[in-house]
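Both complexes shown next keep chain A, but they swap its partner, so chain B is in the first and chain C is in the second.
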Partner chain A sequence: MRRGQFFRKKWPYLMLLVLALAFPVLFPSRYVLQVVTMSCVFAIATVSLNLILGYTGQVSLAHAGFFAIGAYGVAITTKAGLSFWLALPLSALLAAAVSFFVGLPTLRTRGSYFAIATLCFGVIVSIVAGSWISLTGGHTGIVGVRLPDPIPLPPLGEIGFHSKAAQYYLVLVFLLLTLFVMHRLVNSVQGLSFVAVRNNEVLAGSVGINTFATKLLSFVIASFFAGLAGGLYASLMRSVSPDVASINLMFSWVVYLLLGGAGTLAGPVVGALAISALTESLQFLAEYQLLIFGALLVAAMVYCPRGLVGLAETAGRRVKVYYRRRVGMRSDLEG
Partner chain B sequence: MEVFIQQVFNGIMLGSTYAVVAVGLTLVFGILHIPNFAHGHFYMLGAYVTFFLMTSWKIGFWPALVLTAVLLALLGVLVERIVFRPMRDQPQVNAFISAIGTLMFLEAFVMVVWGPQGHRIPNPYPETVNLLGVVTTQQRLLVIAAAVALIVLLHLFIKKTVMGATIEAVAQNREGAMLVGINVDRVSSITFAVSAATAAIAASMVAPIFMVSPAMGALLGMKAFIVVILGGLGSVPGAIAGGYILGLIEALGGGYISADYKDVFAFGALILILAVKPTGLFGKEIG
Partner chain C sequence: MILRVEGLTKRFGGLLAVNEVSFHVERGEIIAIIGPNGAGKTTLFNLISGLLRPTSGQIYLEGVPIAGLRPHQIARKGIARTFQTTALFDQLRVIDNLVVAHKLRTAHGLLATLFHTRRWQADREKSLARAVEVLEFVGLREKALNPVPTLSQEEQKRLAIGVALATEPKIILLDEPTAGLIQEETDGIMALIKKLKAAGVTVCVIEHKMRLVMDLAERIIVLNYGNKIAEGTPEEISRNEAVIQAYLGGEYAA
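Up next is the complex of A and B:
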């Protein structure tokens, strides 16, 4: 691809990147930055859920469990004195390792059976987190988790993470990293076999794809990034409690993913950011918030079943058709 | 030995509730293929309606129970019509999201109307009974008896009435059922009505023993799903067996090993059983 072509094709993404980088300058409010940073953490979790649910077609409801393993991993090891930059990858690897052993029995099942089996694992993690008091602090959880350690930069001093803007950039880097890995993955041969398993598992098996290994790989990679998101969450919130393993958190990611658009790269990010913004702006409704949100959710599923990205695609196509028709009419008149 | 019998009795009582709620769910989930995660919230709402009728309208326990069942059946029909019918030709995950929307709505509704705190329903039969060395209340015995009666009635409804036969026909082959002139929309409505009503009756029976709270539906709904999957999707005998198995595992594991981890045993057992039998105990096809 020539350079000019690259910019012509990718300019909307570059615009978004510039906007994302300029965001803390445009909105310096601590509250807004905190909300956006946390929605970016959840966006990482949702992007990774998209790999197993959206691309591989396996409805895993264990994702909050792996998020919690990452969160508790970072909280416990940094409290014990380990550097954050070592604790984060180790905790994500731990989540991936656990998911391997959870995947072995549960991936033998299909469809709803898999959804419920993984849901069981998620619930087990939340119960253990609430009951294993000596390790997890029980229902109060662990408080006073360290912020990410400053990165030393010899000539200039160091990059600290005390300001909200720095925390935002930290999460943004990890979100972009996750998106980059997912982009490369789903566009590879391995990514095609994920989609093949989603579209028709029997057919995928008959053309020589090891469907079990494919599903297991997708599950383990997705869980790694869920653990990574959990580790970031623990360090930035400076505390963890069994809530990080709660079913409600899990359900909210499925909602972000489905409303954003499953099986697309942009969908989960759009969903996580848009719906977090929506729930924050519905705060004034107090106890009526979930009443309205629940009704909106049902309406959204009835009226735009393919999510926001699907809605945008349909709208884009209509505009294009309309535009072509106008251009066509004009050239007819001229010719 | 006495402790053992006591725990088995507790397990049977828990299992009776699970079985009844799960049979209602397996009709919707196994037959209509709708993952209705709001099923536990029908149960919760049923308990609240009984509570409301008994305390605000001063209606007796039994009339309140019947009225609750009727009201929840109507709600079931309404939810099917508004929330799930438009999802019919879409992937199952979409119906799952709609179900989450519904459960958020129902839980928030109950919070707004009755507040977040728990309530207690006056127990109509609080006398204790001594049965084979097990000390229990009449209400607990009633829960078991009512569950058995309800399961028998449901069985007769499905096997002996024309309406029940149409439900079974749709379960076996949707297109075939349409070809012989069965109105699938009507079957869906009836299934939802029956499903919601049984959940409501189970809730009304148990509510005088436990507290009524907005959160009571979520965990039970999840366990109902586990029971349905444990027994095999769409299998009514499977749901009944699964309910009692889950109740016994919970009571014995909780009584003998650790009360904190009783749900871990139940959920862990399901993962192990599915690892050996990926379609559940009585499941036939892969769904």
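Up next is the complex of A and C:
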């Protein structure tokens, strides 16, 4: 009975999961897989940006900085001989630790001041990456980063990551892990307190929520996953350069998030995949692409401020209301 | 005695918003704070709830000094408040407003949230039970799953009181709970405040509607220009010369 209910409620998600798993079979092209894999890496970054920006309402522009810390962390430590499987969590933890100390002063500011303070941090990371030549290789960056080490699997040999399909599945696993963590967070009292801080910080404080600690927690978790995405990026692209800390990358995530739907779980994933696909199919427009994105962004902000997912939800609700009215069903109380 | 305020002063530059105000609140009573606009009533609430730091003076909750603590610390100690312009989490559903307001009485960490431990489930059930209990108390049981903006003005004011109640306070500070309501709605809120008292909650209310104050409060404190000019039962206050002068005009001398 419970299991039956589970399938009845979650079947759209299971369908999506099956589709995601079958993707490399349906589209075996190396080019397509590479594009989708990288969009999934950026989806992880966007999903984590959503926690601090979408749910907690703090416009952090330091995200590319933490992505870069994760990327350089993995590149440097794996070059030094550390296993990728240790380097990745350590680099993500490093990003989280740095964000803790960045958050302590910057989260005391609000609104656009916080945006500017975090933007500065991103710029600092990019300058450090470009100038600390002995560690980061300066502007040329680090090339020849190792692919993720193969995972030994005794009876069958091992799982290697040379094929694009294997790289795709690797990133998919981390994307699902990130989504799982976000799902648990958002659908909990903890998640409610993030939204409460975004919604009314004064009231949140007066009902006993430590608003500063709540913002800091959100910032640190978001940065952890940004670092994780950066680590995957370095290993799969096999190189890093100061560009990974650039404002361009950061703003493309913001665009993914806003077009997909900030403050929703699916929004950032939808945004990252849809916009990446659009970018690829609009390659022939070269620099005029930006014109289209600019127009899209303005249109989205005016007509569907909650993005594609918000649009879909509203449409879904209208259909439901219409259906209920026709059937004459009473709305049931259910949590 | 549950709350004791001693020589509380708040100075904004050259303006003395609250000047050496002292009073106390007994457990289980309803006390009203009245005074003309700009008398310092809301500032007094902001000081007690930690939104502002007092320039000098002390506040004791059950004998423990709390002046200068941050708002969330004071909420945890057991003082809840509502705001004059109804403050709610209008992006959350009605029930989630109450669940999140009960968070301070739960104690699970981040890992418990991620792994849905037994502790997390127990806290979740406790918070939901409290939320439903409060919803029933304020008469919004049927609106549990509604988005806040669909509630009427009066329902929103009830919910605001509910949000304060969900924190399991020892004393609740209501800042003009009937502002902007018509007569019938005001009666509804008044009945709710009486219900609070019956349930053993200590209430301190700022109110402008005299009829309501006289009917509700056991004791009244009158502020004018930041000073406490009178304190007493409704009877005494309605006869007090300084109070009549403050409300009807004329020269006021301490």
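Keep in mind that, in the parts below, the second predicted complex is superposed on the first by the 319 of 335 C-alpha atoms of A that agree within 3 Å, B and C clash if a C-alpha of one lies under 4 Å from a C-alpha of the other, contacts with A are read in each partner's own complex, and residues count from 1 in each chain.
In this section, a residue touches a chain if its C-beta (ideal position, glycine included) is under 8 Å from a C-beta of that chain, and two chains touch if they have at least 3 such contacts.
Here the structure is a predicted model, which means the values were calculated and not measured.
Once chain A of one complex is fitted onto chain A of the other, the partner contacts of A:S193 are limited to chain C, with no touch recorded for chain B.
Of the two partner chains placed around the shared chain by superposition, neither chain B nor chain C is touched by A:S163. Taking chain A as the reference, the larger set of touched residues comes from B, when chain B and chain C are compared. In the superposed model, A:L259 lies in contact with chain B only, and not with chain C.
In the overlay built on the shared chain, the residue A:G205 is in contact with chain C alone; chain B does not reach it. Of the two partner chains placed by superposition, only chain B is touched by A:E287; chain C is not. In the superposition on chain A, A:S83 makes contact with neither chain B nor chain C. Legend: residue contacts after superposition of the two complexes on their common chain; A:M301 is shown touching chain B, with no touch to chain C.
Legend: residue contacts after superposition of the two complexes on their common chain; A:S29 is shown touching neither chain B nor chain C. Across the complex, chain A is touched by residues 49-51, 70-72, 75-76, 80-81, 83, 87-92, 95-96, 99-104, 106, 110, 113-114, 116, 120, 123-124, 127-128, 144-145, 163-164, 166-167 of chain C.
Residues of chain A that touch chain C in their complex: 181, 184-185, 188-190, 192-193, 195-196, 198-200, 202-211, 217, 333, 335. Considering their complex, residues 53, 59, 102, 104-106, 108-113, 115-117, 119-121, 123-124, 127-128, 131, 247, 251, 254-255, 258-259, 262, 287-291, 293-298, 301-302, 305 of chain A touch chain B.
Per the touch definition, chain B reaches chain A in the complex via residues 29, 35, 82-83, 86-87, 90, 92-98, 100-109, 111-112, 218, 222, 225-226, 228-229, 233, 260-261, 263-264, 267-268, 270-272, 274-275, 278-280, 286-287.
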